[in-house]
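Here the chain labels run A, B and C in written order, and each chain numbers its own residues starting at 1.
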Amino acid sequence: MSIIKVEDLSHVYSEGTPFEKTAIHNISLTIPEGEMVGIIGHTGSGKSTFIQHLNGLLKPTSGTITLDGRDIYESKQFTHDVRFRVGLVFQYPEYQLFEETVYKDIAFGPSNMKLSEEEIDERVREAAAFVRVEEELFEKSPLELSGGQKRRVAIAGVIAMRPSVLILDEPTAGLDPGGCQQILQNICEYREKSGSTVILVSHSMDDVARIADRLVVFSKGSILMEGTPEEVFSHPDELTEVGLSVPEPTSIAMALREKGVDLGSAIYTTDQLVSAITRWKGGPVC
Amino acid sequence: MSVIIQTENLHHRYPDEEEDSLKGVDLSIEKGSFVAILGHNGSGKSTLAKHFNGILTPTEGKVWINGMDTSDDEKLLAIRQTVGMVFQNPDNQIVANVVEDDVAFAPENLGVPSEEIRQRVDSALKQVGMYEYRMHAPHLLSGGQKQRVAIAGVIAMEPEVIVLDEPTAMLDPKGRREVVSTVSRLCREKGITVVLITHHMNECVDADRLVVMSGGRIIADDTPAKVFSQVSLMESEGLTVPATTQVLNTLNQQGYDFPLEALTVEQCAAAIAANLNA
Amino acid sequence: MLRDITLGQYFPGDTVAHRLDPRTKLALVVLYIVGLFMAKNWISYGLVFLVTIACMAVSHIKPKTLMKGLKPLIIIIVLTAVLNLFYTPGTQIIEGVPMTWEGLKKAFLLVMRILMLISGTFLLTYTTSPIALTDGLEKAMNPLKKLRFPVHEMSMMMSMALRFIPTLTEETDKIMSAQKARGADFETGNLLQRAKALIPILVPLFVSAFRRADELAIAMESRCYHGGEGRTRMKQLKYAARDAVAYLLGILFVAAMVVLRHYGL
């Protein structure tokens, strides 16, 4: 079952002015329900423009987007609902925190949905638990928190809307390795427990390679490649050609192949590389 | 080689804090070397960096730059001219609306004559590969380009040291490569001392020396290869090691005997290939 | 959205108007305004109009671009016109309706005056980069330094503000989108509700502006900034022959206006 279906989507910024710029063109993509999809591409590849279409923040210049089989512009009411059903966490989301307390900030989304007090309370607690924001922090000002905590609060603010699709734009940008690990783990747990569809936008191949079911590679405003991590990383040359770095284990495997040790093409984690090497002893692995 | 930066029992405590952020750091950095300082958030690495040009001064201990004490207000300008700083957020360190005007900022502050500023600006922009962008508006550049402009702005001051405080934290992989290769080239070709503060391991690979900070102290200080080979120490510090080291380390746990110093992808692959083909 | 505002924007170009020294252009605008306020009657207004058109032609700015910039001021212009049309005593145009021929003329001339006043200043900002403009202002106000007026600080503040407008505009756009993604509604509701809806934008914007200011101050100090004393400039403003010609034309224009005014034209 697909949850989001995008057909022939194009977006042109500042149309009709000298600053006109086509950000994405003719993108068609189907996102299956419940999957973790990684979108990869470097800055300016159109990935951020693309995801802002999925919850109706940007209007397509041409093309359609359907959610659960319904065009998101079908009716005003539905377009409004789409904001809550497709939760979008922007890059550096901690810069959007504004309430006096952590609790109120997480509650901002649900209260915009006009829910009852009890319902809001339940959702705030649930969302905070997903990203491991302890209840002791609820009455603190978001400004007092550490960088990693702020980011998790901001993500909770979107999860609290209980979206059926959660999109995160570069959720680990600027964090140290420990902070990155924690956020990625939170996201994996959230997805397991809630069963929602998750779209993870990243330029870190190593992060996405490990946790995504499917990868979509953006380049110059269109989709360059799409498939399982195995499929995508079996074309390392094409990826490096458009300036994307492949996961480091993949580069090691590539260097090995040049030295006459062909370990096969679908290596993108250290575990895979290690087990391929240990198995190789007896001869080439295909 | 002569020492250009030296700290002695350096302690620092921020106002209103109960604990020292730096708890006795002794470090000397040699002229012309490329030193990387690695540590997780809150390890004290940025606090240390801010002592190198007198933005912060020690609450205890001393910091000397080329023999000048950073606590001496009279020397502040000379210290800042010796040690240029590049910061994390590229947007918050660019002061002008045009790239070349921004690069001219420091020499203008130093009262350098106009014609010489022109020469310094052109040469600095060429060194970071941003000369063609000299008339552009900085806010339209990519993150990596902005940081290179910031580096040019520092070079135009003709410093002996460039300290970069997490210059790549907000950049994409392409931007990171641009910045790291630029500074490493400046060090190798122009003999400028580079101190790179980061939490990305793979940026330290090219350095001559890697200093690891934790809890306000230096916990490791050696060549990158030697430091990374202490895998368990790094992991206990919440720092990951490069995938190359990780792979070799895991293989060694399964009975292989690889040198953990094979840090680059090329070295790592060569070591494995030699073993497998044997 | 916010990016589309053209008010006071600079259009890079390479016309004579672009190449004039900013000080010359500032002086020309002053002369232009003086001349404009001397205009009293059809002929003098006509001359100012011709001069405006000539300046537009020289700087390659299309009337359409100017009109676009005038849009936000349309209410003021219409209001001025209506007030003058109805409240000027004289002969009524249609019996019983309080509009007079005198009012019509006055309204027309006043609207022309506002339009030309704004066009003149827009031509300055369209053809002069903000940085050149601040440089020009700093130089022009230099004599005030003797009176302990903080000329350098003022111009530094102005150029910083100009430098950060695009950055903060972009940031505002981002914060707005992020809050919209959490269901914030900026478009509906009464005035009070709309004002309240701005809190989620303004708070993060202020927090970030302060953080930026702080980091910027450290970055500037690190690059040896210590006030205007002993500072040199890479680009020094230099007058060229065209500046002399421009000054001459400006003075001629004002002289012509004085003569026209003397004869009540």
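We take it that a residue touches a chain if its C-beta (ideal position, glycine included) is under 8 Å from a C-beta of that chain, and two chains touch if they have at least 3 such contacts.
In this text, all values refer to a predicted model and were calculated from it rather than measured experimentally.
The touch graph of these protein chains is complete, with an edge between every pair of chains. Chain centres here are C-alpha means, and the one lying farthest from subunit A is C.
Of the two chain pairs considered here, A-C and A-B, the higher C-beta contact count falls to A-B.
The geometric centre of subunit A is 44 Å away from that of subunit C, both derived from CA atoms.
Subunit B has its Cα centroid 30 Å from the Cα centroid of subunit A.
For subunit B, the set of residues touching two or more other chains is empty. Those residues of subunit C lying in contact with subunit B across their complex are 129-131, 159-160, 162-163, 166-167, 170, 211-212, 215-216, 218-226, 230-236. The residues of subunit C lying in touch with subunit A in their complex are 3-4, 171, 174-175, 177-185, 199-200, 203-204, 207-208. The part of subunit A that touches subunit B in the complex is made up of residues 42-44, 146-148, 173-179, 203-204, 206, 243-245, 247-249, 251-252, 255-256, 258-261, 270-271, 273-274, 277-278, 280-281.
The part of subunit B that touches subunit C in the complex is made up of residues 53, 55, 77, 80-81, 84-85, 87, 89, 91-98, 100-101, 104-114, 117-118, 121, 137-139, 153-154, 157. Across the complex, subunit A meets subunit C through its residues 14, 17, 52, 55, 57, 83-84, 87-90, 93, 95-98, 108-109, 112-113, 143, 157-158, 161.
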